[in-house]
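If you scroll down you'll find the structure; I have some questions about it.
For clarity, chains are labelled A, B and C in written order, and residue numbers in each chain start from 1.
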Amino acid sequence: MIPGGAMAEARSIVEIRNVSKSYRRGSQIVPVLENITFDIAEGEFLALMGPSGSGKSTLLNLLAGIDSVDSGSILIGGLDITTLSETDLAAWRAVNVGFIFQFYNLIPVLTAFGNVELPLLLTRLSRKERHEHVEMALRSVGLSDRMDHYPNQLSGGQQQRVAIARAVVTDPVILVADEPTGDLDRVSAAEILELMSRLNKELGKTIIMVTHDARAAEKAHLIKQLDKGVFINVSS
Amino acid sequence: MNPLPDIPFSYNLRNLWTRRLTTGLTIGGMALVVFVFSAVLMLAEGLKKTLVATGSPENVVVIRKGSDSEIQSGVERLQASTIETQPEVAIGADGQPLVAKELVVVIVLPKRGTGKGSNVVIRGASAESLLLRPQIRLLEGRLPKPGSSEIMAGINIAKRFTGGGLGETLRFGMRSWTVVGIFDAGNTGFSSEIWGDVDQLMPAFRRQAYSSVIFRLRDPSEFEAVKKRIENDPRLSLEAMRETRYYEKQSEMMAKFLRILGISLTAIFSLGAIIGAMITMYAAVANRVSEIGTLRALGFHRRSILGAFLLESLLLGFFGGAIGLFFSAFLQFFTISTMNFQTFSELAFSFDLNFQIAYQAMGFALIMGFAGGLLPAVRASRLPIVDALRAA
Amino acid sequence: MFLLRLVFRNVFRHKLRTWLTVLGITIAILAFGLLRTVISAWYAGVEASSASRLVTRNAISIIFTLPLSYEERIRQTEGVRIVSGGNWFGGIYIDEKHFFANFAIEPKPFFALYPEIILPPEQEAAFIRDRKGFVAGRKLVEKYGWKLGDTVTLRGTIFPGQWDFVMRGIYKGRDKNVDETTFYFQWDYLNEKMKKTYPQRADQIGFFMIGVTRPDIASDVAARIDNEFRNSIAETLTETEKAFQMSWIAMSQAIVTAIQLVSFVVIVIIMAVMANTMAMTARERIGEYAIFKALGFGGGYIAALIFGESLIISMIGCAFGIAFTFPAARAFGDALSTFFPIFNVAPETIYMDIAAAAVIGTVAGVFPSWRSIRIRIADGLRRIG
């Protein structure tokens, strides 16, 4: 647990300014986020919590660059991603964002190795360089011996670890996790959270996690609650 | 920025393998369509080859004006002599003009095996006839002796018709005729004919006139001149054309029929195959929605997704095409023996495969794959990332 | 009924996939129907021919003629009721592409022998009166827009020269399978001209059409006729009209067989693809069916849902396919009219279409039904979450 005081000195890696987002449901327009402004410091481990429909997943999607704002701006590492074209956004994501999903979202027809290699295919690295990075990533999650296994040959916990390896292999600026422990049993969940915590502490990775799970939230430094598109309180 | 699909090729192959049954059926459908397409093209090519090869551009066929084939035609002896004296006629090694006066009739012979009767062409020929058709080779036996009741049979007749084999006897025109030789004229119409001495056959069939006169041009470029002279002579009422053109005309109806039938069948079937591919690919997309979302989230472009699915569909087409083409190649072992509607005579031709047909067949297969996969691939690439991920 | 409503709702749930499947089945049925129609068109001549009429021709082959004098001798043969001589003229109208059959016939016995050729009596009389007259079938006349009294010229091929004819009648077929594209003119006209230009070819008949007194003695009469002319200059071969037509088809047997084979196999494949598609859909819904089971609906109910859905899809496809078969057949028939004067869609073909569609629908439903009946509720429910 890093005290709040030391946080204020780290620079903001994510700056959200007056962001609003609404969805169209049939003929109705449903507002999801209303004029949100806040910062996330570098090396932060933030948990976003709230009831369903509160907009936490939406916020996560906007941060990750897979959804677009109605108004406002989002600066990540100083770059306003809301001004990027779709093509540029894709290129930006490849290098700067690591994803961890509730259902792992591994490609079933690729081995663990192949899955972790995927983001690297979007870079200019040579084959040898890619292989080195993949091996390193898999080693850091402790799955070097399972490189050639297919997802259906791995347990839930192992699959999530592969997903994490994939998420860190490009050394991204931020890691976004959407209910990373949602589909895991207690033991595996604990392992995953421990892993994420380690990534944050040892490698200084900024993690933004959406979760329902109070135990998961405990691992984070900072918890923000959302309800009906606005933050309701801040606690640590 | 990499415009080509960065997604590994093995991804596409493995995805096809995962849904083996569906993939297999779709490929099977395409293979069959390509097989039919290729077969039709090969058949038309084989037909053309047989009939065109049957003639030589240096030979001229003269028949009665207005008749469409030798069988309908009649050339009087006097008219035939007139042709012999034309200056453009080549002179043979023996100093005689290279002119063959021939009789062509059709008789019915029973086929081996089924016993069903089918039309066969009998050609009354002379020594010049052989000189004019160098493609004819004696395979077995010997040439018939002039003035005798001996005949020789083309290899297709010997194989398919009772009484046509070496040493066998045929009875027509109230006489018995013995087959003393079998000849091969390659892939030409002559291979389905029986040849005998014209001076023996004419009385046997009670004919006083020849059917046609064929001669060799001493200089192929002189064709127009001699044609004009023959056709404008009021005493003659004959028409002349190059032998190649004559045989090409014989097949026009048959070729047209095969073409129309073949192309329309293929068109309909290909629609079915394309629909099959479309359904397969739509199902594939539907199955992999969350995967698509993941790939896009990771940073792969819309183009890469489009390319990946299109590639899978093209692979379906490719494999289908290759299999269809492979099996169609075996058709070359078969010969079709049927009746030419125009001349009422037996025509045997085979399937002919060449590079151009192979290209066309594979191209067709790929087009089917493309057509089937385009819309689903576009749909896949257009999926909004968030919605796709939600479908997990 | 709830079941039916549910089935319909399910069918139209996946609009795109459903319509694509329907389209696929439509095409399969259409292709199947067209191919069967092509084959029956091939045999049309046989269908229309009679087993109580005989055809006598030169035993050597059809291109050799018989002397006119044979006619009387045939008429005297026991069992013969009518004899009508004729020649295949083979004349060309405009050019080779405009092919239609044209014959020189002896009018009075001919029309008596062919009651299925219907000609108004005044036209028949006009035809007989005019030596240069001709009668043609309704379809042929419509195609070329000829009117009574028009002169039509044919270029002779076997009988050289330009031949003028005057239209005196239009005939209709009594049944649907009668060829209405034939051109008939007077044999006397042909013979007269031959006597003048090629006298050695005059008084020659190409074939005799013979009506017998009783159908069951047809083959005896045929044998009798051939016997009569054995060992003469022109031996004859007499067979029933049906046998005669069949012999022509036998010569192109190879193509007919090839078409039948191809159509069968291709259609089986398309059907398999469609069946698999529908099976795919059913497989995807196993979770839902588990819910039904949990709620208390029996296995039979679920099977009915599945079969109902696939049968409805295949029947809709079948209906479209049958509907499109008719205009398609017409277009096909027009394009190939020179080869197939008769191109009709037979009722049997429609029945077979329906049967085929029923098979697809049933086959598609079998596996998923069996699966979903046997699946345990818990396993099925897990598929949804």
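Criterion: a contact is a pair of C-beta atoms (placed from the backbone, for glycine too) under 8 Å apart; a residue touches a chain by one contact, two chains touch by 3 or more.
Computed from a predicted model, the values in this text were never measured in an experiment.
Considering every other chain in turn, none proves to be in contact with both chain B and chain C.
Nearest to the global CA centroid, when each chain is reduced to the mean of its CA atoms, is chain B. Farthest chain from chain A (centres taken as the mean of C-alpha atoms): C. For the pair chain B and chain C, the distance between C-alpha centroids works out to 26 Å. Rounded to whole angstrom, the centroid-to-centroid distance between chain A and chain B, based on C-alpha atoms, equals 65 Å. Chain centres here are Cα averages; for chain A and chain C they lie 70 Å apart. Interface of chain A with chain B (complex): residues 61, 64, 66-67, 86-87, 90-95, 97, 99, 101-103, 105, 107-110, 114, 118-119, 121-122, 166.
Chain C contributes residues 16-17, 20-21, 23-24, 27-28, 30-31, 34-35, 38, 60-64, 90, 92, 96, 99, 155-158, 160-161, 200, 233, 235, 247-248, 250-255, 258-259, 262-263, 265-266, 269-270, 272-274, 276-277, 280, 332, 335-336, 338-339 to its touches with chain B in the complex. Contacts from chain B toward chain C in the complex involve residues 21-22, 25-26, 28-29, 32-33, 36, 64-68, 71-72, 105-108, 114, 116-119, 172-174, 205-206, 208, 237, 252-253, 257, 260-261, 264-265, 268-269, 271-273, 275-276, 278-279, 282-283, 336-339, 341, 344, 346. Taken in their complex, chain B has these residues touching chain A: 1-2, 6-8, 10-11, 14-15, 17-18, 290-291, 293-302, 385-386, 389, 392.
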